[in-house]
Amino acid sequence: MSLKKIIFALGLIIALTAATLIFFTHGLNYIGVNVALLGLGAVLMRQSAYFSDNFYQHASPQSFYPTAGRMIPWFAWLAAVLVIYGLYISFAIAPTDFQQGEAYRIIFVHVPAAWMSMVIYLAMAFWAGVGLALNSKLSAMMAQALAPTGAIFTLLALVTGSLWGKPMWGTYWVWDARLTSELILLFLYLGFMALQASIDDPRKADRAGALLALVGAVNIPIIYFSVKWWNTLHQGSSINMGAAPKMAATMFEGMILMALAFWMYTIAVALIRVRCIILERERNAGWVKELSVKEIA
Amino acid sequence: MQWESWSAFFNMGGYAFYVWFSFGLTALCVVWEVIALRKRSSEALRLTRLLSQND
Amino acid sequence: MNNAWLTVLTRDLLQAYRRRSDIATTFFFFVIVSSLFPLGVGSDSAILSMIAPGVLWVAALLAGMISLSRLFATDFADGALEQMLLSPQPLALLVSAKILAHWLVCGLPVVLLAPIIGLQYALPNEAISTLVLSLLLGTPALSLIGAIGAALTLGARGSGLLVALLVLPLYIPVLIFGSLAVAASQHGMSPQAHLSLLAAISLLALVLAPLATAAALRISVE
Amino acid sequence: MALKARHKRFILIGIGLGLIGLAAMLILNAFQSNMVFFYTPTQVAQGEVPKNTGFRIGGLVEEKSFKRGEDGLSVRFIITDTAKTVPVIYKGVLPDLFKEGKGVVAQGKLGEDGTFTASEVLAKHDENYMPPEAAEALKRAQTQSNTVVMPK
């Protein structure tokens, strides 16, 4: 790969990450910046090595399988280190909260899980959309590999949230907009997985699932902005770009570390799962047979 | 350090159930997912080998 | 305006007329479900009028849903769907005719029947008129969103249950605003905000759902 | 009338955009009117609340208004939005975050005498997290000079 292509690929990743971050931290306030970044991302996507001349070569399951295998340990170790450091900050360094006492420490799993539940859905919808538009098998496999992890994080966000709500608000569950839309998000994940499972032809399942994921993506902004639209029991977000976080620095640090740890974990797990899916679906391909023979030897 | 003793740490200012349940459940889900995936990949590899040997 | 569009609409309506028992199923489902609640909850009119908005909306939603799996299945079986896919007319346009037919057959009867059921639940007059208005504005969205689910599950295993899993989460906003509108006018508040949100959902669905349904049909039938 | 396919597509796209615009107008219209999870004491005073039914009322617990009944279970306090107030009676367990001067949401019914009988009391907390010392320092800074703007 030439230097130019590497720079394009890096630029693409940075543009898309920045757009996602701004969207989640500042919402619609910076919609212009966000649209510009997404546009930039799209332009770079067309230019970068992975999405132009070499796209089909790089995006074939055959060449991705060993690449993913090499990437997994990195992300797994990164997740392990981050989670240990994050837990240390969360429990040993972060101080007691002035109004919630120690119960606020649930924030260190609840908020990262809630973030991941939404980010994973967006990533899933993104890969599903790419799979649908470019008709690439691997993108659809990525979407399929992300769904179960996303469903688990959604469930965790709901359960830890209700365990936090009981001592603080005085109830395990209220039907407010944010809780309800997070529950709907769980149903959307389950629907996506059920639809894929019940269509026998895998290519057809990929495309049907992709369409459903895109239709459901309408729900994600509703979840995020429901707090602002409806005046609900759930507090606003503590972190906004441009303003200082409404949290003590060490608390913020613990939360961000845990979120990064969850992120790395998600990537590692999704890569393992995509390798499984590749093996299961390409069982009859020559390269899979060669590979299995090689691994026995 | 925030804690005077281990028992204070485990007690979590009286919120032990809520805090440890949350963290425990998260750990449980992660461990379960990793184990399930290990099973799935070894099963996938085993089946692939079986198929290639039959050729 | 468009011959093919009218043809599809009249064809679907004619088919529905020939299979009147299918329409009756939807109709009676709505009546029976909403009549079962007073038997289960008790005949206290205060309780009944309190639960009425939610119960009637859920019953309308489920009644519309049970007929969804038939929306494309017969056309798929007799090959008419393939003709539509090959036709020079935009598929989304033809699909919108089929959705309109579904609403006329399954949505409109529920709207017309609602006042009678509302009386059974001891709803005051203003609440009944809001109920009818909310159903009139909301049920088109149900047919439109449901069509996406019906098209996606065409040819999938166990499609009846699957449609419910896919479509019900997307129905929730309609259910919430519909029942809130009725509850608001029941308690002397203006239902205008909820009704205009219902109308907005239906309008958005009217634009986007036929496109998504057409794409889903192309995936399912290939 | 035979329209060209291209023209027809333009017309359809135009209709679609028009409908989306209309939907956006309806949504904006809805959020101008009153759609809330709970009502404020001012709204209660002006009679802008549902009649003959329960609803939620939200605000701050007024300072020094909290009283425990003789039976030790029922409590009385006053909810305020700094303009109007509503007295509340409640029988049951209060959440840990319930405090005078803090946010609260109560579900219940408004009586003839203007007293709100709550069946459920929930605490509403804000999005600020800090150690007690920092909160103390902020409070002191605020009492010293009223020009310091505290995050709400």
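Letters A, B, C and D name the chains as they come in the text, with residue numbers starting at 1 for each one.
Operating definition for what follows: contacts are C-beta pairs under 8 Å (C-beta built on N, C-alpha and C of every residue); 3 or more make two chains touch, one makes a residue touch a chain.
Just so you know, these numbers come straight off a predicted model, no measurement behind them.
Looking at A-C alongside A-D, one finds more C-beta pairs in contact between the chains of A-D.
Work out the mean CA point of chain A and of chain D, and you get 32 Å between them.
Distance between chain centres (mean CA atoms), chain B to chain D: 39 Å. In this assembly, the C-alpha centroid of chain B lies 43 Å from the C-alpha centroid of chain C. Counting partner chains per residue, chain A shows two or more touched chains at residues 95-96, 101, 103, 167. The full set of touching chain pairs reads A-B, A-C, A-D, C-D.
The part of chain A that touches chain B in the complex is made up of residues 91-96, 101-103, 105-106, 109-110, 113, 148-149, 152, 155-156, 159-160, 163-164, 166-167, 265, 269, 272-273, 275-276, 279-280, 283-284, 288-293, 295-296.
Chain B contributes residues 1-3, 9, 12-15, 18-19, 21-23, 25-26, 29-30, 33-34, 37, 40-41, 44-45, 47-49, 51-52, 55 to its touches with chain A in the complex.
The touching residues of chain C, when paired with chain A in their complex, are 148, 152-153, 155-159, 162, 165-166, 168-170, 172-173, 212, 215-216, 219-220, 222. Interface residues of chain D facing chain C in the complex, by the touch rule stated above, are 5, 9, 12, 16, 19-20, 22-24, 26-27, 29-31, 33-35, 50-53. In the complex of the two chains, the chain A residues touching chain D come out as 95-101, 103-104, 107, 167-171, 174, 176-177, 229-233, 235-238, 246-248, 251.
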